[in-house]
Every structure is written in C-alpha cells, then in structure tokens.
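After this come two complexes, each holding chain A, first together with chain B and then together with chain C.
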Partner chain A sequence: MNPVTRLTLSLLALTLPTGALAQSVTVKINGYGGTDPAVVGDLINRFVKPALARDKINVVYEPIQGDYNKGLTTLLAAGNAGDVFYLPGETLDGFVATGKVLPLNGLVSSTPFIGSLNRTFTRKGKLYAVAKDFNTLSVVYNKDLFDEAGVAYPNAQDTWSTFAKKLTDVKSKLGSDYSGLCLPPSFDRFGAFAYAAGWTQFDAKGRTNLADPRFVSAFNYYTGLARNKVGVQPSELSKDWGGGCFQTGKVAVAIEGGWIVNFLKDNAPNLKYGTALLPRADATGKRGNFLYTVGWAINAGTRNRAAAVKVLNALTSAQAQEYVLSQGLAIPSRSALSSSAYFKRSDAGALNSKVIFDGSTDGNVRGFTFGPQGSDWSKPINDALAAVLSGQKSAADALRKAQSDMNAFQNR
Partner chain B sequence: MTAVREALPAPVQGRERWLARRRWARAGWLYLFMLVMSVFFLGPFLMGVLSSVKENPNEYPPRLIVPQLTPAAIGRAYRLGVAGSGDGWQGGLVPGRRVTFEVTVATRAGQAARPPSAALFTYQPTSLVGNVKYAQASDYAQVTLGAPVRTPAGDRYRVTVTYPSLTRTSGKLVDAVLSAPDGADLRARLQDGRVVPVVLDTPEAQSHAFDLSEYQPVRLVQADDRYVLSGPLLERTPLQVDVQRGQSFASTTLPPSDIQNFSRSYAFRNITPGVLGYTFNNYRRAFRETNVVETGQSLFLRWTLNSFLIAALKVVSSVVLASLAGYALARLRFPGRSLIFLAVLFVQMVPTQVTLVSNYLVLKNLGLLNIWGLWVSGLVGAGGVFLMKQFFEGLPKELEEAASIDGASPFTTFWRVMLPQAGPALIALTITTFQGAWNDFFWPLVILRDQSSFTLTVGLSNFRELYGGQGDYALILAGAVLSAIPVIVVFVVFQRYFVSGGTDAAVKG
Partner chain C sequence: MTAYAFLMPFLAVLAVFFFYAFGRAVYYSFSDFNLFNTPHLIGLKPYGDVLSDTNFRRALTNTLLYAVITTVLQTVFALLMAVVLNRRLRGLAFFRAAWYMPSITSSVVITLIFLWLFQRRGAANYLFSQLGAALPVVGAFLLLLVVIQAVQVAWERSRSLPARALDPALLVVSALLAGAVTAVLTVTGVLHVREAVPLDYQYFADRWVQVGGVQVISVPMLVIIAQNVFTTVPTLMLFFLAGLQGVPGALYEAAEIDGATPVQQFLNVTVPMLRPVTFYVVTVGLIGTLQMFDQVAIIGSAAPQNTIVTLAYYVYRNTFQNGVAPVNLASAAAILLALITLALVFVQRRFFVAPESGS
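And then the complex of A and B:
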C-alpha cells in the first residue's frame, strides 16, 4: 500500500460516523443486592450473553445495596440509572409518575406472561414492566405438630372457621410451649384476609376505607387468633418474620410465600412441612391473596433502547425462566411454565411452588402495592394490628385511630 | 515482723489492721470497678467472639460453654474428619472412605425398641445461590445402620456412611478442580496448573457427568496418561436421624445442629467436620461460601485483599505526600504559605458528607468509581500534613543549617537529614492512616459499585444483607471478628511507638 492510499484510507476511517466503528454497546442493569447479583449474573452468563453475542451487547449488573427504592430514585434523578432495572410492583406508581420508565407497548410482547402480572404493571393501558417472577402467600404447616396433636393438616377446603378450629385444637393439645400460627402485625400478610372478605384497597376516588365491614371482619378474624396465644407475633419468639417464627418448630403454621423454602432448607433442614392454599372467607367463599412481583423495566432515558429491549427479552426468555424455576429460586411469570415438570415433583419445596403458582389465580388476588403515596400507606394498618395483637387496644379503637391516620395521610 | 508487731501497743496494732483492711477494701473496689468496666466494654466483644463459633449464635438463653469449644467434642470432630478424608483439620468426605457415627436411643419402658431412621440430606446454604453448586454427599454416599448394642443409657447404633469410589481403576491419587467443560467432556485443572480431560470409566461415574459444576474439587486416579474420576471431594456430610414416638436420643457422637419434632428429629449439618469445620466453621464459611461467579475466587478473601491493598496504598501515599507537604509548610519560605496552611486546616474541619456529592461527580466523570478512585480521593489526609508540619517545626534548625553548609539542596536536606529523624511521627501517621483506611465505610460504600471491588467493611455490610436476612448471624460475626484482627495486631505491635510518636516525639523531636 503506497503512502497516499494509506493516508486516504486513514482519513476516511477518521471521518466515518463513530456509530459504525463503536458497535459494542454496554447495557447496565440495576437490581437488588443480596443474592440477586449471583442469580442475575448466572442468567446473564447462561442466557443473555450467548443470545446477544452476535449483537456485541455487553451486559453489566449493578446491584443497589440497601433500600432499593430509595437507591433507584436517586439514580433516576441523577440520570445515572441502568438501561434496564427492577421495578417493584409495590412502588410502581411512584416511579411511573416520574416519567422515567419507558412504556413497553409495541416493544415487548406481553402475551406469554400471566395476565394478572401484566395488569399489575399496567397503568392507563400502558405496560411499564414485564414481570420477572412472582410470589403469593400460602399456608405452610409443620406436619410433626399436627401429627402429634392428631389434627388434620390444613387443606384447600378450609374456611376461616375450620382453619381457626384446627389451629385452636393444635394449641390446646400441645400446650403452652406451642402455638397455632405466626401473626406478623403487618398489612403484607393480613391484607390477603381483607381481600378474601371482598375489601378493596382504594375506592373510585382513591380513598381507603378501614371502616368497611369487610375490612373489619378480616381484622377481627386475624387479631382474634391472638386470643389464648393460638396466634403469636414473631417478636414473642425473638424473631422478626413469620419464617423465623416457624423455624423454631414451636408454631404450627406460618403464612408466607415461596421464599420460606430456601430459608427452611438452610435453617431447619429437618423440619417436615407441607403447604396449602390460604383458607376461604366464610362470608364470600373466596380466598384472598397478594401477588408480589418485581418487573423488568427500561429506563426512558436510555441511549441504547434497542439493545435494552433485547436484553430484557433474553432475561425473560422461556429457557431463562425454566432455569430459575428448576433451581427453586422463583416462580416464573410465563403462563406456559405452569405445565413444567418441576411442579409435578413431590418434594416439599416443589409442592410449595405449585401452591404458590395456583394462588396467583384463585380468588381475590391483588397486586401488592401501596398506591401512589408509597409504602407509608400501610403504616396506620400495621400500627393498628400491632396495638390489638399486643393487647394494648380494642379492635374498634385501633381501627378508629387507623382511619383517622389514614385520612391524614391521604390528605397530604 | 511479727515480733515487732507484738511489741507495739494495742491501739497502734488496731490502727494498722484498720489500714490493712482499708487497703484491701480499696483494691477490692478497684477490681470491682474494673470488672464492671470490662463487662461493659469487652463483654459485647467477647460474646461476639464466642457466638461466632456457635452453630446458632441467636440461641436463647445463651450458653457460655459451647460444644464447639469443648475438648471432647473437638477431639471427636477431629477423628471424624480423619475418618472422612484423612485430614482431621479440614474434614470432608472423599471417595473410598467410610465414617461411623454413633447414636444412642432410649426407649420408654414397655415400648418396643425400634431402630432410628438415618439418611443423608442435601445441605448447601442458599445464601450462595447461583455461585457454585457443590456436589452433595446424599448423591454419592450410602448410609447403613448396624445392629444395636445394649448400654445402660439405651441402644447404641452405628450409622455408617460409605462413599465408594466411582472408578475401579487403580493408580496414583490426584486432587484437582473441575474447569469449564469442553462440550460435554469434563476437564480438570491439576495442582500444577495443567488442564487435563477427565475420564469417566464406569456407568456410576457417567451418571454424574452433568451434575458436576465448574470449580468442584475432585479426586482423580492417574493411570498412565489418563485421569480417571474417582469422585468429587465433599465438604460436608449432612446426616439426619429420626427416632420413633416414645423414644429419645440419649447421646450422639456430635451434638445436633437442628432439633425438630419434639426432639425426635436430629439434623447434623456435617458429621465429618474436622476441627476447622467444627469449631471454626463460620470462619471457614466466610471465606469459602461466597465467590466471584466468573472466577470462583473467594469474595471474602478478595475483600480482605482489597482492604489491605487500599490501606497499604493510602499509607504509602500519605507518608510520602504528608511528609513532603509538612516539611514544605514547616521549613520552606514561599509566598502564600500560611494561606495554604489555613486551607489545610480548613479542609480538616469540613465533614466528608459536605463534599460527598461533588467528589462523587468528579470521580464518576473521571471513570474512577472503583478502588483506584477510592485511593485517588484519599491520597493524603489534611490531618497527616498537619501532624508532619508540627513535627518538623519541632526539629532543631541547626540540623538544616549544617546540611546547607555542606551544600545540600532542600530536597537532599529533607531526604537525608530531616526524614530519618521523623521515624516516630511517620509511625504514628502510618498507624492512624492504616486504621482509618481499614475501617472506612461510608465513602467506599458510596463509590464502590462492583461486588468484587468492595473493601471488607462494605463487603461485611453486604454479608449482613445476604446472611442477616436469612437469620445466619454467625457468619457476620465471624466476618466482623476477622476484620477486627488486623487493626488489633497493628495496635498491639505498634502501640509503644504510637504513644511516643503521637505525643512526645511530635512535640519534642
């Protein structure tokens, strides 16, 4: 090559648009800390990288340690958030209101995913995220305790009254060292009972009515279980959640989601447990349940929109979800996976997954959300539950106070 | 002495006794006071250290005597480790070994004595999901129950765990770690770094071809040039033993880790622990259980190394720059000197939180949101410059004058004459900088993003999230104790210099 040609070629190379040269794109993902970096890292290595190798898309996972919602808010405000990020169902409204979340209509197909999950991420006809996975609540029971007491295990036919009877029987047979149920004083467990009774979180005007007879009946049922120590608060056993309380082997039932499985495997490997659907409310004959879910969303300000969409698709592909399910990590959000072989296995963990999966469509199932004003919404209810469960207030007094606190909060 | 006392009049003797009593009383009060203070200040630390070896640090009421620290239990853990792997310290289960574990079962009078049921179970803490899935004893070993032996306490059963080798080939035994497979073919990295193909020569071995992950330690049999798989090296042997209603456990070789079903179900998370796996299990877990997904390297080790690296870098840069700056401010005459000194003082008084955002943005734009950025942003502390300036001011001027008569340049004077005098101040600076860098939490937390670039403090807070949420506080305690050790060592070793360097030397020279 003579010098003139070389010079011309190099000049040409310099004048080419940079996009043609810099083909490699980096897509940054923000998500939870804890075990998620390992899980997502695994997904990226196994499914995203092979799928996107040809497109020269590099994927990095940057976990937000500590309070995720706070961290994400800061990053979004600073324009520093990932191209793709977790969008928790419970704080969806707040993030959507900022306009920083890209509506996915027309970019991603939501058809393969479970309808109720899509609805959780849809506001005014716009889909803001694709569910990553989900969880619902179930009745997890200690078989040994029921066997010892000679009481039948909880099952899908139970109503509130038969369920309470079983718990009371277990308690009365086993004596003062044992209890029937772990009762965390918090809306994220109790709410399922209120939904079973037919209560709705917000009326047409976006107000919350805690004086609704349906809410009151659920409240009375839930707190009524604390009488005679049939139900205990986890704190009474020096634990901070239902799983920890159940792990002690002193409590017959915990109402928890699929996350309890791995916890028990680590912390009480020889505890023999079974799982049943939540009991139906006597009045309505229906169950209630929460749908806890986190979605994959795309940053509205991303410079790599096309690449981000590809990454999102790879992360929610059928193979990726099958893998997550087979590892017992989470319940996938694709409806087709309901026929997965994993759900037919007979070990306690797989049986739990099956019940969790079924719980997503049985009865009054609502997305776990606090509405546009954020997580403080549940505080009045939690305070009321704590006050009644610990015997400091009567249910009526606690509910009156909760309603006035709720009004003050919603008038803000 | 006695003779003298007897010679003294009675009132004097009484007074002396009274004085002696006063002395004892004073000593008593002093000791009591110190005891109370130790309980207040050292108590939590000691309880933390004690709890860090327990299997359940949350046990209530807490015990001061824990099996992990009793010689008898440690001895049994050692013997079981030897039986399982030939290594009484590390423990584990290797192919071709047999371990016996004894269980004595008491039966209520008038009831038939039935044998317990024993089984291996899968135990791999989930906090490390998706890292490396190590092979489980339940997939490779078998359990058999021997005939009972009558003892006064009850029937003693021998539970035997046998791990047969997956190959019948004989040859030299070699330990290796599986590396990334070549298609469906397993490959292993030997201790000398060579990567060799692994031969699976029996149906038993072939049945495990797809469930062994990368980074799994394995034992191979070297026959000619072939490396035949004998089996994975198992870190733990989790065993579960259940007795019938009306029966109870009278004794077991090791105490159980989990008790359920009205004390009729015992789980042992590891019956071949070895001493490290028994007494120091949580410490070992801290290093072994979390690893970088891409390399399999221990995260905790990486964090520790990062902390050492950043502490060392900061010490070096601090010592070099602070002594230079301190000397210049103390001895060189140049315009704006006092202004610069005022600026140094001012910087010292501004809390980190005030400059947090601007510093973060600068580092972000420079692409330095990593451990190098952490170093660059903390090259030298204003406190260090101040300390060195004060020290150099205290040194006699004559030293420099003598040097300059000999024709030394300002740098030679500094380097050859003044710096060698500054030993104590430099040691004080080193210790404080080391300790500051080692314990720094807030700033690293803000700027370090990638898990493998964390320092120990940030990593430990990550541990808290990972394991605290799981109720696994033992690991956090172990990590905390480990992270305190270097600082304690530095203090114990250098405390003499620290005191003399920080006060007398800096003032007097």
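And then the complex of A and C:
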C-alpha cells in the first residue's frame, strides 16, 4: 500500500465515526446530585439506551450540585439547561411562570400515572411534568417503646384522639426521658393535619385563610401535643428533623416519609420500627397527606423535542419503574405498581413503602407546594408553630400574627 | 504604555464585573425584569415597592444597627487589644498568634460553631445552667474576697501605708483566703452546689430587644454581632498594632514626665496619634458590616428570617429564587444599599475623623 492510499484510508477511518455521530442526537438531563447520578445512570444504561439505540439518541446526565432549584433557575435563564430536567412539585409554579417548561399535553400519556400526582403537575389544564417518583407521610413508630409501655401500635384505624391517647400513654408509662412524638415546627409535616381537617391552602382568589376553623383545629391539635412533652421538637434533642429525633430511640413516633428507611438503616440499624397510615381527623373521618414529588419535565427551548419525549417515556416506562421499586430506591408513580410483588414483602422497608404508596390516594392528599410566591409562603405558619411549640405565644396570638404576616406576604 | 499594559487585566475585570454589572443593576432597578422576560422601563415603581416592603424595612434596620454596633465594638476592642499586645509580655508571639486565629478561620466554620454554642441545649446554655447551680459557692467566694480585701486595705492604711483598693499583692492574698474559706464551707456542707436546672433559652428564636414596645434588635442578630466582633477584631487589631509602631516613644516619655497616668497617656497620646488608622478601620468595618451576608445565609432557617435578614441577604433572596424572581426589586435594594454605604462613609469622613487630622 503506497503512502497516499494509506493516508487516504486513515483519514476515511477517522471521519467515519464522526459522520455517524453527526446523525445522532444528545439529550442532556439535569437532576439532583448526591446518589441520583448513580441511580439515573443505572436507569439510563439498563432501560433508556437499549430502548433508544435504534433512534441514535445519546443520553447524558448532568447533576446540579448544591441548591438544585437555584442552579436550574440560573441554567434556564442563561439558556443552558438540559433538554429534560427534574421539576420538583414544590417549586413548579415559579418555573412554569418562566415559560421555559414545555406543556406535555398531547406529547406524553399521563393515564398510567397516579391521578393525584398528575394533578400536582397540572396548572390551568396543562401538564408540565410526569412524576418520576414520590413520597407521602406516614406514622413511623418505635416497636420497642410501644411494647415496653404495653400500648397498642398505631394503626390505620386511629383517629386524632386515639392516636394522641396512645402517645400520652407511652409517655406516661416510660417517664420523663421519653416522648411520644417528634413535632417539627414546620408546615411540611403539620400541613397534612390541616388537610385532614378539610382546610385548603388557597381559596378561589388565591388567598390563604389561617383563621379557618379547620386550620385552627389542626393547629390546636398539633401544638397541643407539645403539652406535657408528649410531643417534642427535634431541636430539643439537638436534632434538626423528625428522623434524627426518632433515631435517638427516645421518641415513640415520627411523622416522616419513605426517606427515613435508609436513614434508619444507616444510623439506627437496631431500631425496630413499624409504619402506619396517618390518623384520621375526628371531625371529617379523613386523613390528610402531602405528595412530595419530582417530575420529569422538558425544556421548552430544546432543539431535540422528539428525542426528549422519547427519553422521558423510557425513563418512566413500566420496566424502569418496577426496577426502581424493586431496588428499594423510591416509590414510582405508576398506579399499576400497587400490585407489585415488592409491596407483599414483610421487611420494615417494604412495609413502609406500601404505606407510603397507599397514602397517595387515601383522604385529602395534596401536592407539596407553596404556590406562585414560593417557599416564603409557609414562613408565617412555621413561625406560629415554633412560637407555640416553644411556649412563647398562645395559639390564638400566634395565629393572629401569622394571618397578618400572610396577608402582607400575599399583598406583595 | 507599559503601565497601561500591566493595568489592563485589572481594568478589564473592573469594567466587566463592576462598571458593566453596576450599570445593568441600575437599569434593572427601573424595569420589570424577572430574570426571564425582556426588561421594560417602568420608572421608580421598583423603588416604591421595595420601600413599602416590610421585609426590606426590617432588613434596612437590621443592617444599619448591625453595622453601627459591630463597627463600634470591633474598633474599640481591636484598639484595646492592640495596646495590650504592643507591650512586652512573656509569650507575646503566642498571644498574637492565638488572638489572630479566629480571623483566619472560615466564617462558615465559625458560624457553625456559634450555632452549636447557642442552640437550645448548647454550650452557652449549659455554662449558664452550671453557673446558676454553683451560684451559692461563687457568690460566697466573691463576697469573702471583697470583705477580706477591704479589711486588708483598711489595715494597711491604718498603718499609713499606701494601699490601693485593688492592690495586686493584697488581692492575691484575699483570693487565697477567700478560696480556702469557701472550700472549708463547701466541705463542711454549709455551702453546696444546687441542682442544675437546664436553661432552655432559645437564642435563634423570634426574640427581640424592645424599646417602648418597638422591636429594635433581635437576639439572633446579637449573637451574629458577637460572632462578627470575635472574628474581625484580630484583623483590625493588626492595623492598630502597625499604627502603634509608628507612635514616637518620646511622646509617652514626655507625658510620663508630666505625670500622666496610663489612662491619660492612652486617651491623650495613643488615641489621637492613631486617628488615621482609626479612620481606615472604621471605614473598612462599615463597608464590611453593611454588606454582611455569609453568616445570615449559613444560619438560614435556623432562625426566623426577619430576625437576621440584612440588605445583602435580601438582595440575594430576591434574585435567586425558584424560577421567576423579582430581580428589579433586588436591584433597587442593591442600589439603595450602595447609596447608604457611600453616605455613611462620607458622613464618617466629613464629621468624625479625617486622616489628615492625625498627622
């Protein structure tokens, strides 16, 4: 072979793969850092790449480290965000207002997914994301403490009053070193009780009414548990959330979601716990709950819309979701998964997952969101809870101030 | 030309990140910009909105109080510390290094330590609880100390000897005697440590120092002031130390010959001679405190936001939200902050200490 032919062949060899790549499309996904790159990477390799191999769609995951919402805001504003990205339910309104989130109506079928999750991502009839997975709240209880106190475990039949009685009994039997319930002074736990009482976050005009008797009854019930130290704020045990408070083994119950399972596995492996649905409000006979969820959304400015839709469908396919569930990674969003074999297992983690899954459809379940003005919305409520739980204010005074702060906030 | 070539990188950075950014901020402050729309000029409305926002007014009050209190405290303490460390002490190098440590430690770390110290069951509450428990013993010791010292001084004076009330030699004897008597009383059971009742004071709660029912400054902000004084005093102390090296020793000798006491020497020689340094320290302190951000950001939701919000944090909060953000309000607040900073430095320069007056 003469040098000229060899050179020509070499150049041809070099250009061939480039030519092949030129036809392929790369879809960039933005999501959380932490353990998500490993999980999503696994999903991409197992389900997305095989499904899209023929379409020559290449998928890359680019995690946003640190504060995801702020990171995504910056990328969207600069026009550098991924074609597909996580859209957290609680910040949906702020991102929808940017006009950078593509409505998925007509592009993706939302039928196979749990209705309450679809509603969480719907604004004015437009679906902005498909739920990736979700969490709800549950009653996580320390079996040893209930056994030692000789009190029956919390269960799905509990009402607010029977639940409070159980906690009070545990506390009185076990003494001053122990408490009944971890009570974070925060709307993201308390709100489920307000929903159980039938309260709604916003009225038709978008205003929030904290003087609503239903809200007041839930507020009085929640803060009333702090009396006689039946309920204890996590900060009193030098912890910053309910799971940390529960992990100490000094508190019988925490109201937390499925995220507590892996936390307890790592931090309190010998703590025996069970999970129950939240208690029903005496007045309404209903439970309340939050849907903490993150959806898959598509960038309105993407140049690869068709490819992005295919990637989204592959990421939320039945096989991908079954895999996520079976690995104990998260509770996926397809309604059909209720009959999954995973939910029939008897280990504490799987039992917790089943209760979390059931919680998404039982009673007054609402998406965890703060509305169009963002997370500052919950501040007046959190301040009121903190003031009453720490004994600085009466419930009536705290609620009066909270309503006045809320009005000022909503008038902005 | 060579000079300009060397200055070029600096000028380029200044042009892009200061003048251009400042110009954009001014433009946005008169517009309806929300980070995603095309800005349209809407006049002074953002300034009106900002000034009528209760959060802004709280941030402004917090910032001004924080700046004034912190600057005064850090300047006074830095000067006193510099005077102490300017003396010939045994182990001076160690003390200088030890005092300087907080200054080189990350403010994030110091804030986390302060959060830990001042939490509900933190070290501060623990120490106060223990002090309360030991109050009978400590009180008895102090009482005995005063009585014994008074007796000793009276006795010395009755013998026409020149004994000062706080004579160090007599104080040592008084302390030893008071300690011994307290120990005996404790061992015999006359005095005893009470059971410590845990103090549950929440420093990072919605607590305020009120004057006539008006919330003036919050307790969480006082903790931040204490922390900031703790971390900035060492740096400012270095400036004063450098200034002290330049004060001619002859002035002190002359003052001493005139019979000036150490306090008089400090007030009439040291303070006037350090005026240029003081001007610099106060200016740097004011600018730094007016722009305080990191401590508030790190404390985050651990304290109610209106108790610690500052103007810099207000600007940040309104710029970086989830999705659309009132960037026009943030820009207006930033411009107001810049104007306030300029005004304070100008007033400080005009009416208090001009650098020339020290020379």
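Throughout what follows, the second predicted complex is superposed on the first by the 391 of 412 C-alpha atoms of A that agree within 3 Å, B and C clash if a C-alpha of one lies under 4 Å from a C-alpha of the other, contacts with A are read in each partner's own complex, and residues count from 1 in each chain.
The rule we apply is simple: contacts are C-beta pairs under 8 Å (C-beta built on N, C-alpha and C of every residue); 3 or more make two chains touch, one makes a residue touch a chain.
Bear in mind that the values here come from a model prediction, so they are computed numbers and not experimental data.
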{"item": "Fit-or-clash call for chain B and chain C when the two complexes are aligned on chain A", "value": "clash"}
{"item": "Which superposed partner A:Ser238 touches (first chain B, second chain C, both, neither)", "value": "both"}
{"item": "First (chain B), second (chain C), both or neither touched by A:Asp55", "value": "neither"}
{"item": "Chain B versus chain C as contact partner of A:Gly99, first or second or both or neither", "value": "second"}
{"item": "First, second, both or neither for A:Phe263, with chain B first and chain C second", "value": "first"}
{"item": "Touched partner set for A:Asp282, first chain B, second chain C, both or neither", "value": "neither"}
{"item": "Touched partner set for A:Thr91, first chain B, second chain C, both or neither", "value": "second"}
{"item": "Contacts of A:Asp358 with chain B and chain C, given as first, second, both or neither", "value": "neither"}
{"item": "Of the stretches 150-158, 204-212, 330-338 or 402-410 belonging to chain B, the one that collides with chain C", "value": "330-338"}
{"item": "Overlap of the chain B and chain C footprints on chain A, listed as residue numbers", "value": "238"}
{"item": "Complex contact set, residues of chain A against chain C", "value": "69-70, 72-74, 76-77, 91, 93-100, 235-236, 238, 374-375, 379, 383, 386-387, 390, 392, 408, 412"}
{"item": "Interfacial residue positions of chain A with respect to chain B in the complex", "value": "33-35, 37-39, 41-42, 45, 62-63, 65-66, 80, 144, 148, 238-239, 244, 247, 249, 262-263, 265-272, 327, 329"}
{"item": "Chain C to chain A touching residues, read off their complex", "value": "35-36, 49, 53-54, 119-121, 200, 202, 205-207, 304-305, 320-325"}
{"item": "Residue ranges of chain B touching chain A (in the complex, touch as defined)", "value": "58, 60, 121-123, 125-131, 238, 240, 242, 258-262, 265-267, 269, 293-294, 364, 445, 449-451, 461-462, 465-466, 469-472"}
